[in-house]
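Once you scroll down, you'll see the structures, which are given as structure tokens.
Below are two complexes that have chain A in common, paired first with chain B and then with chain C.
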Partner chain A sequence: MKTSPLLSVSGVSKSFPVNGVPFRALADVGLELRRNEIIAVIGASGCGKSTLLRCIAGLETPDSGTLAIAGVPVTTAGQGSAVVFQDHRLLPWLTVRGNVELALEPLAMTAAERQARAARYIALVGLDAFAESYPRQLSGGMAQRAAIARALAVETDLVLMDEPFGALDSILRTRMQEELLKIWRAHQVSILIVTHDIEEALYLADRVVVMRPGPGHVHEVVELALPRPRSRDTEAFSQLRGHLLAALAQTPAEVVA
Partner chain B sequence: MAELSWKGLVLPAAALAAWSLAVENHLLGGPMAVSPVALLQVPVTDPDGREIWAALGASLVRLALGGSLGAVAGIGLGLALGLSRPLGRALSPSIDTLRQIALFAWIPLLTAWFGTSETAKIVFIALGTFFPLVLATQQGVRATPAGLVELVQVLGLSPRRRITALYLPAALPSIAVGVQIALISAWIGTVGAEYAIGNGRGLGAYIASGREQFRMDITLVGVLALALIGVALHALGARLIRHLDKAT
Partner chain C sequence: MSDLSVSTVPGQGAAPLARRARPARQPALRRARTLQRAAFRALPWLSPLAGLLLWQLAAECALVSEHILPAPGRVLATLGELSHSGELWSAARISLWRLTVGLLIGAPLGFLFGLLLGASPRAEDWLGPSFRAIAAVPALGWIPVLILLVGIDEVLKVIILIKACFVPVAIASRDAWRAVPARYAELGRVLGLSPLRQLWRIRLPAMVPTLFSGLRLASGQAFVSLVTCEMLAATDGLGYLMVWGRTLFQMDLVIVGMIAVGSAGIALDRLLRGGERALRARMGDDG
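And now, the complex of A and B:
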């Protein structure tokens, strides 16, 4: 059991019509995520990385192929995974606490347990002082932290993140990446993070899945044998950066640092 | 929405003064001439005029009853139409067609079905609130951000909680605008039903009997009360919207 992958994706294809013409977003995509592993999926826009995440989250149904989390095929949204979207998607009429507790409602627990667990995860992302604040009272970074607390509080083994820090400034993004690793180490979760930021992938992931468009497919899986904590200015780091840049076949000017 | 201010009172005050002067100087004459001062005494001193309080009470009870009935049905159906696209496609054309029937055109039908009973009036008032609220609720639910709909799917919330935690709060601003329109339309419906269907107490019946007895004072007092309640309901609706704007 220990060695079986937490997430297995194989032969997944997905097309949807764009202006009446079928667009092949994914063609025969396969990957596996081991327990307690972080995988970063990178690729240019249109390579299908977000569609892949949406399929795993059960928000899209693939045309063919299989998706299973802990051996159970994904048939409904949110089954076996928690999702952090690029935008925080907090309900504006609920406080931070209300938003986190809402995510816990489908779980079998008493109201007291729900409150205690929500409080614990709100504290974990450093928002204790803002538990009673409404989303409009939070900065972008704080709102995204609340969204991460909401996803982690459910305590699923698998957390899916769709460019979770994409809307944040670079200083905040770096700090959030450090915090995410801290939480990951403490909580034994597996994370699949979709990003267009090579540095982010190199800083966070155990393996980087490089996707290419036309139609979207896995081009290469790069194992990162870098010890943690990682420094962004080592020789190994910049070598891997160069390798991934080449794999993406992008010019450096196109890459957001 | 115009705020109430003293400037708005200038024109009515001038009209009142002109009216007073006209009656006192016999420019207006005959049994139809009533001075504003005499008018104000009607609901207090006149034995027939005092009926207005009971009439007002009856009208407001009817408004509350018919209004809540129409609101529950309207918000309920609006939710269903907003949530289920097949249902919306199947029912919306019929509802849009029925909505085109002017409110008062329902009266012949309703009296044919229910006679001049209380039921006819209540159903009429309910119709007045039903149509604006169906539309407002349906539009509000449809406008729920797609990202939040995905979120509650991913969270695995029960259908009941999706409605109470997402769709209803998301539709609330739109529903509030619907309520404001519905309040006025229900009030017009209340007095209109009483006036047109007759039979029984109420402000509409009060005005109708004033007219039949050639009591211009009673008729005018009734019309004035009708307008004041209308203004109050409009203000109530506006307050509701402001309150919601502040909350979200």
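And now, the complex of A and C:
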């Protein structure tokens, strides 16, 4: 059990019609995520990285292939994983506390337990003073923190993040990445993060999965042997950045950074 | 929370500036502001007052026969008489009772039917076109047929009103269901909420604003249908009061009826608006 991967994806293919023409978003994609590991999936737009995340989250059903979390095949959404979207997706009519508690409603727990757990995770992301605030009263960074608290509060082993910091400015993004690592170290969760930001992938991940489009497939998996905490201006870091840039660049015009 | 503290800095910087500028300008500025505010408050009363003035003038110059357009004073006296004798109130009570019954039965039915049309493309395919055809015939178009079927009793008015409430609420519910952002529906799935919980905790709250505008539309339409229905086929109610006045050629009665109907319409709309505001405030929306 210890050695078996938390998430295993193999032979996953998915196409859907775009303007009546079938578009092959994923073709024979396979990857594994070990426990307590952070994997970053990077790639140009149209490489299928978001479709892959949606398949793992159970929001899309692949045409073929298998997806399993802790050995259990993924059949429906909300099973074995929690998701952080690019937009915070907090419900505007609920407070931060209400939003986090809503995620706990399907779990078998009393109202008091639910409240206590929500309070703990709201404090974890540093929003204790804003538990009774509504989403529109929060800044972008605070809203995304609340969304992370909501995902973590469910205490699934696997957290999926779809460009979670993509809408934040670069200073805030860097700080959120540091906070995420802090939480990850303390909480022993496994994270699959989809991003188009090479530096983000290099800063956060144990391994980087490079995907390429046409149809979407895994081009390369790069093991990052960088010690933590990582600095963004070491020789090794910039070397890996160059490597990933080259791996992404199918043709020079399609470089995404 | 440094992203908070950063955002407060410009505010602190701007405050002394504003304070410095104020003393010199204050009296003139304040006078202008008060004047402006008074003007804005008076604005809604301007056109009714002008109308009243014209009316009084027309009556005084005897431009129109008194039998056709009685003077405002005369109408006011009749209003006083009717409200004193209780005739006006009993007519209003009967009309409001009919309206309430129509809303209480028609709106929930329309809501459920609208949810069905919104949630199920098959229901929309099968029932949608016939529903739209029925909806296109005004409530009053049903009166001749309904009189023959159910007679001229209370049932007739209630059926007309149920229909008048049902249609706009059903349309609003259907549209509100469809207008719930897919992102929210997706969130419900990702959180693993049961379908009932997704409906209760995510869909319905997201639908509230559209639902309320539908409900207000429904009550407005129902009220119009009610008065017309009472004018055509009733022996009591505000609409009947107006018809009665017309048959007796007492135009002051008709105008009193119009005033009562207009006021009740405004009151109803205000009531629903207040309800909507209270609900939205509870949901943390101060907009």
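Rule of thumb we're sticking to: the second predicted complex is superposed on the first by the 249 of 257 C-alpha atoms of A that agree within 3 Å, B and C clash if a C-alpha of one lies under 4 Å from a C-alpha of the other, contacts with A are read in each partner's own complex, and residues count from 1 in each chain.
What we mean here is this: a contact is a pair of C-beta atoms (placed from the backbone, for glycine too) under 8 Å apart; a residue touches a chain by one contact, two chains touch by 3 or more.
Just so it is clear, the model here is predicted, and its values are computed rather than measured.
**Student:** Looking at the combined model built on chain A, do chain B and chain C fit side by side or clash?
**Tutor:** Taken together on chain A, chain C would clash with chain B, as the superposition shows.
**Student:** Looking at chain A, which partner touches more of its residues: chain C or chain B?
**Tutor:** In the superposed model, C touches more residues of chain A.
**Student:** Can A:Thr95 be said to touch chain B (first), chain C (second), both, or neither?
**Tutor:** It touches chain C, and chain B stays clear.
**Student:** Between chain B (first) and chain C (second), which, if any, makes contact with A:Leu59: first, second, both or neither?
**Tutor:** Once the two structures are laid over each other on A, A:Leu59 reaches both partners.
**Student:** Does the superposition put A:Ala25 against chain B (first), chain C (second), both, or neither?
**Tutor:** Neither partner.
**Student:** With both complexes overlaid on chain A, does A:Leu152 touch chain B (first), chain C (second), both or neither?
**Tutor:** So A:Leu152 meets neither chain B nor chain C here.
**Student:** A:Gly141 contacts which: chain B (first), chain C (second), both, neither?
**Tutor:** second
**Student:** Just chain B (first), just chain C (second), both, or neither: which does A:Val218 touch?
**Tutor:** A:Val218 sits against neither chain B nor chain C.
**Student:** Go through the superposed model and pick first if A:Leu172 touches only chain B, second if only chain C, both, or neither.
**Tutor:** second
**Student:** So, A:Leu204: does it touch chain B (first), chain C (second), both, or neither?
**Tutor:** Neither: A:Leu204 stays clear of chain B and chain C.
**Student:** Under the contact definition given at the top, report the residues of chain A touching chain B in one complex and chain C in the other.
**Tutor:** 57-59, 76-79, 82-83, 85, 87, 89, 91-94, 102-103, 105-106, 154
**Student:** With touch defined as at the start, can you tell me which chain B residues reach chain A in the complex?
**Tutor:** So the residues of chain B touching chain A come out as 147-148, 150-151, 153-158, 161, 165-166, 169, 247-248.
**Student:** Within the complex, which stretch of chain A touches chain B?
**Tutor:** 57-59, 76-79, 82-83, 85, 87, 89, 91-94, 102-103, 105-106, 154
**Student:** Going by the contact rule at the top, pick out the chain A residues touching chain C in the complex.
**Tutor:** These residues of chain A touch chain C: 57-59, 76-79, 82-83, 85, 87, 89, 91-95, 102-103, 105-106, 126, 129, 134, 139, 141-142, 154, 172.
**Student:** Within their complex, state which residues of chain C touch chain A.
**Tutor:** Residues in contact with chain A: 1, 3-4, 7, 183-184, 186-187, 189-194, 197, 201-202, 205-206, 208, 283-285.
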